[in-house]
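Alright, structures below, take your time with them.
The two complexes that follow have subunit A in common; it is paired with subunit B in the first and with subunit C in the second.
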Partner chain A sequence: MRKLYIDRMLYNVGKFVLRVFALSVLVFTISRLAPGDPLYAYYGERVEKMSVAQQEQARERLGLNEPLFTQYARWMQGACRGDFGISYQYKTDVKEVIAARIGNTLILGGLGFLLIFVLALWLGLFCAWREDRAADRIICKIGTVTSCVPEFWLSLLLLLVFAVWLDWLPGSGAYSVGKEGDAADRAAHLVLPLAVVVLGHLWYYAFQVRNRLLEEVRADYVLLARMKGLRGKQVLYRHCLRGALPSYLSMMAVALPHILGGTYVVETVFSYPGIGTLAYESARYQDYNLLMVVSLLTGTAVIFCNMLAGMISGRIDPRMRIHGLPGGGEVRG
Partner chain B sequence: MMKKKFPALSLLILTAIVIFCFACEGLMAMDPRYMDLAYCNEAPGKEFFFGTDTMGRDIFSMICHGGRISLTIGFLATLLSTILAVFAGSVSGCAPARIDGVLMALTELFLSVPGLLLTVFLQAVFGGANVYSLSVVIGLTGWMSMAKVVRTEVLQLRHTDYVLAAKCLGGGFFHVLFRHLAPNFFPSVLFMAVMNVRNAIIAESTLSFVGLGLPVEEVSWGSILSLSENALLSRSWWIILIPGAFLVGTLLCLTNLGNYMRGNANRRHSNLGCEKNHKKNMKQL
Partner chain C sequence: MDVLKVENLSVSFYRPEGEIEAVKNVSFSLREGEILAVMGETGCGKSVLCKSILKLLPDIARIKTGHIYAGGEEITDYSEEQMRKLRGSFFSMVFQNPMTALNPCMSVGAQIVEAVRLHQPGLSRRERRQRAAELMHLVGLDHPGERARQYPFQISGGMAQRCVIAIALAAQPSVLFADEATTALDVTVQAQILDLFLELRKKTGMSIVLVTHNPGVAARTADRVALMKDGELTGVGDVEEIFEEIIHRQNVI
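What follows is the complex of A and B.
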């Protein structure tokens, strides 16, 4: 039993490593095929002062003339030691640039995820309970509209209303100048970006919850529970919700990296110093070392969460369980 | 059984917008690229229906002209991604398990790279952006989920008797694909294609907005809005609200149409049993 469990773990870890490896090959190849001179990544603007012979020499030394495969192997070696190269634009270690900003993105994305997680469930339940009644219909209509509004335009709209017309909230950055430690100030800066993140994603998930619940509500066990004398709301919360929860949890696991990393556009509009603005800047200034690490980071998170989703649904939903695992001898395949 | 209502209003508005954008040569009073610095930031009025932007361009003509580009990109990108998806999906669905596994792993890999980042990458590879390169980039990033849907449908269809019969009679891959498989998965592909047009338009406007898509001089719905920072500072609401309203309106109409095409809801009544359902059940009896 225990051995089976360990085997399964090893299999998953292997699959994860393999996928991340494939991702890194893909990202590396694209970044090397892209135009722009990788010499800049190492020497910055000094390249312009070098003579052609010096440039050629440097290329030779850095192995840029070698085949792509050898270059990749070298990059991988560095990456394993934690050396991802230098950001051309910021002239420092890529890791430092990212470390300085990842906290902001995690706060914005993490809070957004939590809010979406709770609100989507609540809204889904609310709509499912009032299926086809006025409240449900109105919410569905509003939801469809919000899901059509591009995030960047929603950001502009909120900026226009709350930062320009009403002047209630600050419109850019993560804190006012000189108030870095002030929590209230930071919170005020967070309100608008957070609102966009939540509004932009909420309906998609809420609608999934609603539809899943509506399927569940049509099952025969609901009839049985009603016959037993349970009230409708009790059935919805105690039975139907339980049935819908596994798929919701695995859906949200997949959604986690998308919400965490999907704050790119929002960060750019609000000039919020996070990974997202970094990604766009590095793409625009062809800072490939940085762009590669950012893509790898996000891609790895996506792969990890996708696998997590599979495991979660296996844990909660007995039907998805692989025979004999985990902890259930009672389940027959 | 419920039948979905045909979204006539959406279709009407969408047609109106398309005609407005493509037949506007005569309507367009001014050159959308002409910057008349004497009339910067004019509010909507008699001369400029929708006002002018911070560079003195007429927003009315910009929306006409930009809409044409945005809609073209949406259409071209969707065409490309649909072809790719149908091809990848049906090959993967028909192929032996091992090749299928590799293809699907590849699809998953593409899905794990965040969409916008992949677009940014490809955009960098292609260099300077124009309408066609942007369509190709957006098309190349939008086929994955549709390919998965096609594959699922093909997997269900490949063992049906008529496909087997067609194969036995010597029908090649493409013959079976177009004559027997495609008509079956057409409805679900149609729905996803309409949604892809929507997503492509969103992608184009977002990319142009952050400055990675079309340049500011090339007018599209996204690049009109890329001047919004100045607009915010000068409180010119029309530069943000009017083009945005066109954009959101188009997207909303497309969504409604797409939802209609997804097929009719064929639901039994709820077992949860509140008053409403009881009445409905009685009526059905």
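What follows is the complex of A and C.
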């Protein structure tokens, strides 16, 4: 049993490493095949004033002239030692650039994710229980409208109302100047971006939960559960939720990096110093080293979360446990 | 003594297109320890009849007229909460497809224990398991300890139906509705389950309403037969009587 557990862990770790490796090859190749000149990121407008020989020399120095494979090998060599190169745009170590910003995104995206996770489940249950009654219908309509409103527009609207007209909340940045360590100040800055993140995503997930539950409610086993003498709500929570939860968890596991990394519109509108803006800029200016690390961070998160989702689903839904793993036959009995 | 009595029961489904009468003016009674077969073609309202007695029909279905007496008490206008208390303890039901009737995400043991716990909340965890094992033994499931840990997809249809029956029997109901309980099973397993019903009746003294479209099943198991057609009962009587009448009718035509 213990050996089996270790086997499975090794298998999963191996799978994880392979996938991250494949992702790095992919991002590396695609970013370099994309049109554009990385020298612009490094020198900005000055590139146009440089002679062809100077440009060539700069390329040589940055290692951009070598064959793709050699470049990748060099990058990999450095990456293994923890050296991810410098950002062409910021001219400092990539790690520093990211470290300065990742905390902000984690707070915004992480809190947003938690709120979405809990609220979507609650809202889905609420609506499923009241299927087709007034409350459900009204919420469905409001939800559809809010999820269709573009994030940048909602951001601007909230900014106008709460930051400009009412002047209740700050409208930009992650903290006021000189108040970096003040938790209350940070919280006040978070409210509006967080509201946009949550409102933008919430209904999509809540609606999935609702529909998934309605599918379960129509299953035959519900009749037997009611036949036993369970109350309708008990059937919903103890039986139907159990059937809907695995797909919800895998959906949310996939959503985690999406919500965490997908905050860039919000970050841009609120001038929130996070990693979303960084990803966008690095792709735009061919800041290869930065782009690699930002994409790999998000990608690794996606891969990790997917595997996590698989494991969690297996815990909840026994049918997913039996196939595909070495020595997976232990399930019987 | 009649454990269950139905008088002039009519049930309709109210849909946007109009009213659909599924059960029309049905009256019958069920004696203690009796097996009554409700026989009729598919779609004649057999299932709706059972589910309307248990009030397990969707909201669009309503009892239009009639009275239902359970154990001498009228339950026609019982609220959902009052009905809930009767379900499982006074009457219980076994469904057509055992593979979908069990929750695929719970071990069969957990599902039986859940039923036990609902009706005997005072039991300790160990006593509940003990009781579940007894029930499994009663319905002829071997190795209850091992079996309890299995999930519905790991057992055969016959076993699953036995589990469903164990759940139905958890609170020793007086009436068991078997809604096409053997239809989805193959012939040898059908015979085993029917024998199980006969045996359970002998052991517990409960009455059974056996819904079927199979005359063989009715003739083999039932004491009395009720014939149903287009939502109406066309005849109730002892097995011999009814089958003779059917043969007679066939000859006349």
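The criterion applied here is as follows: the second predicted complex is superposed on the first by the 280 of 333 C-alpha atoms of A that agree within 3 Å, B and C clash if a C-alpha of one lies under 4 Å from a C-alpha of the other, contacts with A are read in each partner's own complex, and residues count from 1 in each chain.
The rule is simple: a residue touches a chain if its C-beta (ideal position, glycine included) is under 8 Å from a C-beta of that chain, and two chains touch if they have at least 3 such contacts.
The structure presented is a predicted model; accordingly, all values stated were derived computationally and were not measured.
Partner contacting the larger number of subunit A residues, of subunit B and subunit C: B. Residue contacts after overlaying the shared chain place A:239 against subunit C, while subunit B stays out of touching range. In the superposed model, A:9 makes contact with neither subunit B nor subunit C. In the superposed model, A:223 lies in contact with both subunit B and subunit C.
Contacts of A:118 after superposition: neither subunit B nor subunit C is touched. Residue overlap on subunit A between the subunit B contacts of one complex and the subunit C contacts of the other covers 219-220, 223, 226, 232. Subunit A contributes residues 219-221, 223-232, 238-239, 242-243, 316-319, 332-333 to its touches with subunit C in the complex. Interface of subunit C with subunit A (complex): residues 54, 56, 80-81, 84-85, 87-89, 92-93, 95, 97, 100-107, 114-115, 118-119, 146, 149-151, 153-154, 164, 167-168, 170-171.
Contact residues on subunit A toward subunit B in their complex (touch as defined above): 19, 22-23, 26-27, 30-31, 33-36, 129, 131-133, 144-145, 147-153, 156-157, 159-160, 163-165, 171, 214, 217-220, 222-223, 226, 232, 235-236, 240, 257-258, 261-262, 264-265, 268, 279-280, 283-284, 286, 291, 294-295, 298-299, 302-303, 306. For subunit B in complex with subunit A, the touching residues are 105, 108-109, 111-114, 116-117, 120-125, 127, 198, 202, 205-206, 209-212, 225, 228, 232, 235, 237, 240-241, 244, 247-248, 251-252, 255-256, 259, 267-274, 276.
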